[in-house]
Structure formats: C-alpha cells, structure tokens
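Have a look at these structures, which come just after this line.
The same subunit A turns up in both complexes below, where it pairs with subunit B and then with subunit C.
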Partner chain A sequence: MNRFLKLVHFEFQRFLKLYLVLMGVIILLQFVGVILESQNYLSRVNEHIYKDLMPKEQFIEQFGTYSFLQIAHSFWFMGPIVLSIAALMIYVFFIWYRDWLGKNTFIYRLFMLPTSRLNVYFAKAVVILLFIFGLLAVQLLLIPIENRVLQWMVPNEYFNMLSINEITNIDYLSILYPPTFMEFILYYGGGMIAVFIAFTAILFERSFRLKGIIYGILYTGLSSVIFIAPILINQLLLEDYFFPLEIFFMEVVMGLIVLAGTIWTAHYLLKNKIRV
Partner chain B sequence: MIEVKNVTKKFGRKNVLKGVSFTAEKGEITCLIGINGVGKTTIMKAIMALTPIDGGEILIDGEKIRKESYEKITFIPDTITMPPSMKIKDAFLFMADFYGGWNQLRANELLQFFRLNENDRISELSKGNTAKVNLLLGLSLDVDYILMDEPFSGIDIFSREQIAEVFTSHLIEDRGVIITTHEINDIEHLIDKAVLIDNGVVLREFNTEEVREQEGKSVIDVMREVYKG
Partner chain C sequence: MKRYWKITFLCFLSIIVIGTFYIQSSLAGQNHIRVELEKVKGSEKEVKDLILYGDYVVGNLYQGLQITNEETIQLNHQSFLQRLSTDRFAPMFRELMKNHKGFMRSKELNSSSFYEDENLLAYANVKGDFNRYPASEITFDIDVFNKKSKETNSFEVNVPEQEKYGWMHVEDVLVAKDALKVMVRGFEKNGREELRVYTFHLNEKKLTGDDTILSSQTGENSWTEISLNGNHHSIQSPNHHLIIKRAYEAQEGQENREMMSYADESKIVSSEMYLYDLEKGQLKKMIVPEELLQSYETISISQSSIFIQTLAENSLEVHSYDIEKEAWSDKRTFALPLLKAGSDHPFIKLMNGKIYTIYSTDNGHTLWIGDLQTGESLYEGKLNVVNQEKNHEEYRIYFNEIEL
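And now, the complex of A and B:
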C-alpha cells in the first residue's frame, strides 16, 4: 500500500507542471471570454439603444437579456473544456509510452520494483482520475466567480442571474456535473472503466507490438459490446421491456464485470507477456 | 544460484534463443560472451521477467521470479533507467523510497569513487558519467545477484578502468554477477566463469581458472577454438 501511494505521488509529480499550465490556460481563456463576450453584448446594447434609440424593452424582447448561458456556449468557455478533455485523453496514452520512449527507458525500473506491477497500472489510473476530478473541481469553482464577474460587467437591467444549479444544468455541463447520483455513477463509472480499458489496450500493444494493436482494438470492442449489451438487447430485441432503473442496475453489473475482466487481463499481460 | 534451463524464445519467426542453459553461482562473476545480436540482453531481460520466454525455465535460488525477488536480484541495463529530468540525488530518493535494500552509505561511497556530484541532472551528464550513475544505482542495492549488460561499451578508457576496479572491490564481494560483453579484454582477468553463446545456443560453459590451470588456455584461446575452429 505504501509503495502504491508513493507511485501515485511520483506519477502525480511527473505531470504536475504541465497540468498547472493547463489549468492556467483554462482560467485565463475563460476570464478573457467572460469579459470579451459581455463587452460584445454591451456594444450591441450601445448601438441599438444609444445610437438607434431603440426602447430598452424592445431590445430585450429582440435580443434577450444576458446570462451565463451565452458564456457557456461561447468558444472561450467550451474551448478550454475541450482542450482539457483532449489533453487528458492524450495523457492516458502518454503516461505509459513516456516510460518506453527515449534513451532512458524508465519502464525497466518500474517493472523491477519490488511491488506488484499492477500497482504501477493502478497508480497511473488513479493519477488520471485525480487529474480529471481536479479539473472538474477547478471548473466548478470558476463558474461562480465568472458569474460574479459577469454580473459586474453587465448592467442589472440586462442581466439574468443564473444559480450554480441552473448553470451546471446547461446541456453539456449536465454531463460533466450530473444532477443525479445515478447519472454520476453512470458517467463517471463508465469513464473510469474506459480509462482502464485504454490502459489494458496499451498493454496489449506493448506486449505484442504490431499484432497487439489489433488485439487491443478487438479487446476494446469486445469490452464495449459487453458493457452496453443490456441497452442493446433492451432496445433491439426486447423493444424497451425493462424499466430504466433495471437497465441501470444491469449496467452497473456489466460495468463491474468488464472492469474485473480488464484488470485481470492487465495483470496477466504485465506478469507474463509484457516486453520492455 | 541462477539457473537458466533450456530457454527458448522467438521474435516473430526468428528463434533468438534455442534452448539456452547455464548456471551462475553466488560469489562468482559469470560472463556471457558473444557477438552483438546473439541474445545476451534477451537472456538478462528474461531472467528479470522483462520479456516473456516461449519455453524453458529460469530459477533464482530455486524459485521462479516474484515481486519480492527484485530485492534480491537487480539488472543494470546498458542505458540508465531513470527519468532524465531527475538529479542524481532525486534518483537516490526514488531508490530509497521503493527498495528496502537501498544502501545509501554505499551510494555515497560510489559517488565519491566515481567523482560524481549528486546535484547534477541526469540529462546533463556525459556518456561515461551516465553509465557510472547507472552502475551506481544498481550496485547500491543490497542484492545477492547483479546482472550487467555491457557495462563497458562506449565508455572512455579511464572510466572503464574505474568500473573494472569496482569488480575487484568489496562492492561486489560475495555477490553473484552476470555480465555480458562482446569485448572480453577489459575483464578477462576478473571473471570466474565464461558462457560462450552463438546463434541462440550455449557453445561452451567453463570455469576460467580450471581451463587456465588444466589446459593452459586463456578465455580468448577458448573463444578462438569455439568460434573459429
């Protein structure tokens, strides 16, 4: 356990600098976005009301009030979220390949540690999950601050103050911040399993190289099919026979089966098939 | 004792190891000799379970390798196995964190012996000094067996002498060492046992002292016989 936590700490440190840069970029872009987007709206207000002398009520009727909704749908806000997701998806692969690439093949050392190789696998997975949750937490902290800045920028009569709850319910944000516990389990459980499957697919490639890419793809496909089998069967064969709650529990069970299969496969590959 | 028994391995369709067998005793320096590409490195990786084998068996003190074995046996590959961004002292900390058998006193001693500075970053070291750090990290573990892959390749003459000196010192003492080389000259006088490998098989395994005394032949003489005769 002790060595496992040290591995987690070690892997965390290795990505921390880049991670903090990523966070900085997110914060910067989103604040720039809040300011630019709201200025944009205000200049429209100026143009219509002070130049064209349109009545305020007519303007609001025509263009609507301003709220965080417009920010959430702007490039400045979504861009950093997409960037973070892309960066972490790339790191899912790089967290392994960095140990094989280059002259300093650190993977030799990792696989010669007097601890289970599965600990290396879990440590890398835990670090990925920590980074995901870290970014989500930062975004959740940013939203109320950005909302407040927006409130300062836009005069009250044009501003529609949304609550945090309303903001996190804006279409795609409700996937990042699921409103119910069940959805949380579904999205984040599914995401976690996806990380483990990707790791195992990488180990297939690292074990069998070129052939391993095919094994890895087949493995990923098989795991995905098993995972969504209840939904497929319900939709295609049974014409929506089950209640959503029943489907949910079947998904949980399937998820656990796929997860166990993935970890067992990774263990087997790490012990018997891996090549440095 | 490390026992390599009838180990076979294929890379694709190519048989790299075709039934390799030999033993390496504790307290002896065993040298795997052969030209590049005959599978010496593969044998070492196989011993450390860093590459799978297709047949045969490898035992360390009568047991198959387990995670606990890595406190008992270590492998020094021909490139350093630490992230280049680390300073030497970071590497020490890493080793101390993960290995119960890390011997900091010995590490400090070797640091002085090799005249290295622990504040240097690994990426900024010369080739010779990188090799020395690599060696240092392996030798500072209190293990029974050390495998070294080509510790002399691509290193200047003075560094070679320093490394050769290590072999005769208390740093090796009664440990078991397996070393690979394709140029025997530097260490001929150091080794206790030679294992001549070619084309994935062991051509001859012999005790250097015995051959010297009984047949009056040096390792190089035997190599000539085996490889050319």
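And now, the complex of A and C:
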C-alpha cells in the first residue's frame, strides 16, 4: 500500500508545475472576464441612461439585469474550463507516453519496481481523478468570490444576485456539478471508467504498436457497445420494454462489468504483452 | 511526511470543498420557495387534496413547483432515483404502472391511446417511422388486457393507405363489446388533414371498418384547420368529442422553400363546431353563437355537457350546452374578485362539477373555485409566495395544472 501511495505521489509531482500554471490561468482569465464583462454592461448602462436619457425601467426591460449568468456564458469563464478539460484529456495519454519517450525509457524502471505493475496503472488513474477533483474544487471556490466581485462592480439596481446553487444549475455547469451527490458519483464514476478504457487502449498500442492501435480502437468500441447494450436492445429490439429505473440498474451493472473487464485486460497486457 | 503536504492539501481541499457543496445544496435544496394558500372565503375542504403545478421563473431559470396545501415541492430537487422512478410520469400512468406493470411495457404514454373500464384495459397506437426512406411498415399496435381472465389479446394490423400520410396521431380509443374503435388524426403529405375512425374486431383480430369523419382542404391562399378538444390529463375520455373546424384566408401567398408565407395576417373566414359520438359514430354540427366562437378562453367537455368559458370584466362566464337536448342553457357568470384586466390568460379547469381557476391580480395570484350547478363561490384564496432567499424580488410565477 505504501508503495502504491509513493507511486501516486511520484505521478502527482511530475505534473504539478503544469497543473499550477493551469490553475493560475483559470483564476487570472476568469477575474479579467468578470471585470471586463461587467464594465461592458456598465458602459451600455451609461450610454443609454446618461446619454440617451432612457428611463431605468425601460433599460432593464430591454437589456435585462446583470447576473452571474452572463459571466458564465462569456468566453472568459468558459474558455479556461474548456482548456482544463482539454489539458486533462491530453494528459490521460501523455501520462503514459512520457514514460516511453525521452532518452532513458523510464517505464523500464517503473516496471522493475518490486510491486505489481497494475499499481502503476492505478496510480496514474488516481492522479488523474485527483487533478479533476482539484480543479472542480478550485472552480467551486472561485464562483462565490467572482460573484461577490461582480456585486461590487455592478450597482445594486441592475444586479441580480444568484446563489451558488443557482449558478451551478446553469446549463453546462450542471454537468460539471450535478445537482445531487448521487449523480456526481455516477457522472465521475462513468468518466473514470472511460479513463480506464483509454488507459487499456494505450496499453494495447504499447504492446502491439501499430497493430495495437487497431486493437485499442476495437477494444474501446467493444467496451462502449457492451456498456450501452441495455439501452440499444431496449430501443431497437424490445420497443421500450423496460422502465427507466430498470434500465438504470442494468447500466450500473454493465458499467461494473466493463470496468472489471478493462482492468483484467490491462493486467494481462502489463504482465504478458507489454514492450519497453 | 513533510514532502507530501502538497498532495495531502489537494486531497483535503477537494473533499472539503466538494463535500461542503453537496451538504449545503442538499440543505438549501429543501424547498426554499414556498407557495401558501391563504383562505379569503369558503371552505378549506375544497383545497384539501388539491395539487397545483406551476413554474417559478427568475431571469431565465425555471423551477417546476408542485404545490399542495401542506407543502411546496421543487421538482428539480427530487432525488435522482425519484426522478427515474414512476414518479416522473403523469399520475394516470403511475396508477396503471402500479397495477398493470406488464401491460404498460413497450407503450407510448399518450393518454388518448388508452381505454379503461371495469373489465378491460386497452391500448391502440400507430407504430412505425413515417420519415424513413424507403418507407417502413406503419401498423396499428393493439393490446387489450382482460382484467378478469388476466389474458392479453394483442395484434398488429397494417394501416390502410399508409403511403399518403406524413404523420398520424391517435385521438381516442374505445371498446364496445367485441369492437375496438380508434379515432385517428391523419396528416397527409399534401397538407390535408383527416379525422378517421378505424374499427377492429377483437376476436378476429381484423380491421372491419374505416370511416372518414371530417377532412380539411388547402387552397391557393386558404386552408382549414381541425382542432380537437380532448382531455389529456386522464385516460377516461368523455363519450363525445368536440371538433372545431376553422377556415383561414390570407392574401398574397408566397412559396418559400416549401413553406407558405403570407404578407398580411391570416383571417378566419368561418368556424364550425361539431360533436362526435365515437360509440355511435355520429357527427353533429352544433349551433354556436358567433361571439362565443370568436373569443373563448377554454372549452371543457363532460359526460353530458359542453362548457365554454369566456372572460368579461371582473368575471368569468360559463356557457353550457346540453348534449342530449342539443341546446344552450343560460350562461353563468362568476365574479372573479380583483381580476387584472389584460393580464395573462387565467388557468381554468373543470373537474367534478366544479370550476377551478387561477388568475393573476395586482397583488399576486388567486385560486378560485365555484360550483357549476348552483353558481356559488366555494372557495377563494390567495396564493402567497414565501421566498426564503432575499435577493429575489424579480420573479414571475405561472400556474399550469390542477389535479385532485
């Protein structure tokens, strides 16, 4: 166990610098966004109310009040989120390939450690999960602060204060922060199954190289088909025979089957087929 | 251990922040919007089992509300499993799913596709993909469950002349002895519309009858529309259907990518009301005062009468038509206290011989219940929105359904 945690820590340290830069970019861009976007709104207020002498009520009726909703839909807020998602998705692949690239193949040393090779596989997955949760937490801390700054910037009569729950309910944010804890576990659990499948596909490539790419793609396809099989069968063959709750439980079971399958395959590849 | 502080910190930060967020939101999620009924007049008994549905809107964030005398449930605060369970379906289907789980599988939940009486439960639907090319088979999917013998009788029959339809919708199903009647609205590919009744023999599993009740025409700059007045909140439909046929005319039609667009607004040239008795297969044209046809709010139909509601200043007028006697009786006028002129359309529903309405006043919404027979006011109450969050002065609320 201790060896496993050391591996996790080791993987963590390797990405930490870039990770902190990523966090810095999020914080910087989002605060710039809050200030620029609200200034933009205020200049519109100025233009219409003080120059064109439009009554305040008419302005609000025409342009609406300002709230965090507009910030959440701005490039400055969404950009860093998209960037983080892209960065972590790329890192899912890079976390493996960096061990093979470079002058001395580091993977050789990792696999020679007196511990199960599957521990390397799990350590990488745990680090990815930790990085995802870390970013989610930071963004969750940033939202109330940004909301407060926004409140300072925009005069009260034009501002509509949203609560944190209303903000996380805004369209795409409700996917990052699902409304109930159960859904949080399901979404991110599903995401982690996808990460494990990607890892196994990478191991296919590392085991069989060019041919392995095809195996990897086939493996991913097969896993996805098995996972959505209950929905497919229900829709295409059974004409909606099952009720939603029944489909849900079948999906949970399928997810666990796919997860077990992918870990077993990874174990087999790491033990018998992997090339360094 | 000192070297591990960064990773330990990130772990704790994530757990504490995300954990706090979900604990907080499950506490805050405990329905902070409450709608209370404050009685102004009448008896509390009237509202004891009433469920109101509405939307609470701030900006463009919608919250579905389910309001009873005791509590207000914010529908998006239901747990994940609750939302997946049969709770998500309309009450009429919930009941059926509880009692006839097997029968309800593979059914499209369209209230007009079902028929229930003490002996049997029937379902009929038009099945198939109208948009597929080459055309796929369009069939009637019929399933009848005998409550006594617990047997199901199901069969499929090809829809006659299916190639001419672009879409078909079942409007009502009725079983009388061995015959199952399905009223279907067919939208033809050429823009015409038809209301047809297909009759099936249940024992022979065959289509035995096929009648067109009404059809519409489209001309150069004119078209007719058929609208049906059914009850979509119950699978028990009344014996009669009210059909309104309207002819429209417009000038200077322009064809624009298969869609017609007109320079000026269309004009209603004629409107007609018909009554159709599905069991007997009789269509009768109703004689309706012109002003009623023009400006009604809602139309409801019960076993023996048709009610047409119109709004007047500070009052609601109910015109009733006796189906047996084929005659209009005197209209009833119900005074609606504080009705705001020119506001949103009030919500009106007739249930069990009573009229329920929710309308907006200068000071929030009012729920008002009246007796259709005597014309008495049974209940009047204010719907007070109690919001535990302070910053929300700018909200709107809409009511869209009442259930008993």
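Worth pointing out:
We adopt the following convention: the second predicted complex is superposed on the first by the 273 of 276 C-alpha atoms of A that agree within 3 Å, B and C clash if a C-alpha of one lies under 4 Å from a C-alpha of the other, contacts with A are read in each partner's own complex, and residues count from 1 in each chain.
What we mean here is this: contacts are C-beta pairs under 8 Å (C-beta built on N, C-alpha and C of every residue); 3 or more make two chains touch, one makes a residue touch a chain.
Please read all numbers here as calculations on a predicted model, not as lab measurements.
When both complexes are superposed on subunit A, subunit B and subunit C sit side by side without a clash. In the superposition on chain A, contact of A:I175 is made with neither subunit B nor subunit C. Subunit B and subunit C, viewed from the C-alpha centre of subunit A in the overlaid structures, lie at an angle of 150 degrees when rounded to the nearest 10.
In the superposition on chain A, A:T65 makes contact with subunit C only, not with subunit B. Once the two complexes are overlaid on the shared chain, A:L53 sits clear of subunit B and of subunit C alike.
When the shared chain is aligned, no partner comes close enough to touch A:L237: not subunit B, not subunit C.
Set side by side, subunit B and subunit C differ in how many residues of subunit A they touch, and the one touching more is C. Once both structures are fitted on chain A, no C-alpha atom of subunit B lies closer than 12 Å to one of subunit C. No residue of subunit A lies at the contact with subunit B in one complex and also at the contact with subunit C in the other.
Against subunit C, in their complex, subunit A makes its touches with residues 8-9, 12-13, 16, 64-65, 67, 69, 130, 133-134, 136-138, 140-141, 160-161, 163-166, 168-170, 177, 179-184, 186, 238-245, 248.
Across the complex, subunit A is touched by residues 3-4, 6-7, 10-11, 13-18, 21-22, 24-26, 28-29, 58-61, 76-77, 79-81, 84-86, 88, 97, 105-108, 389, 391, 394 of subunit C.
Against subunit B, the residues of subunit A that register as touching in their complex are 3, 6, 10, 14, 102-106, 108-109, 111-117, 207, 271-276.
For subunit B in complex with subunit A, the touching residues are 45, 48-52, 67-71, 74-75, 77, 79-84, 94, 97-100, 122.
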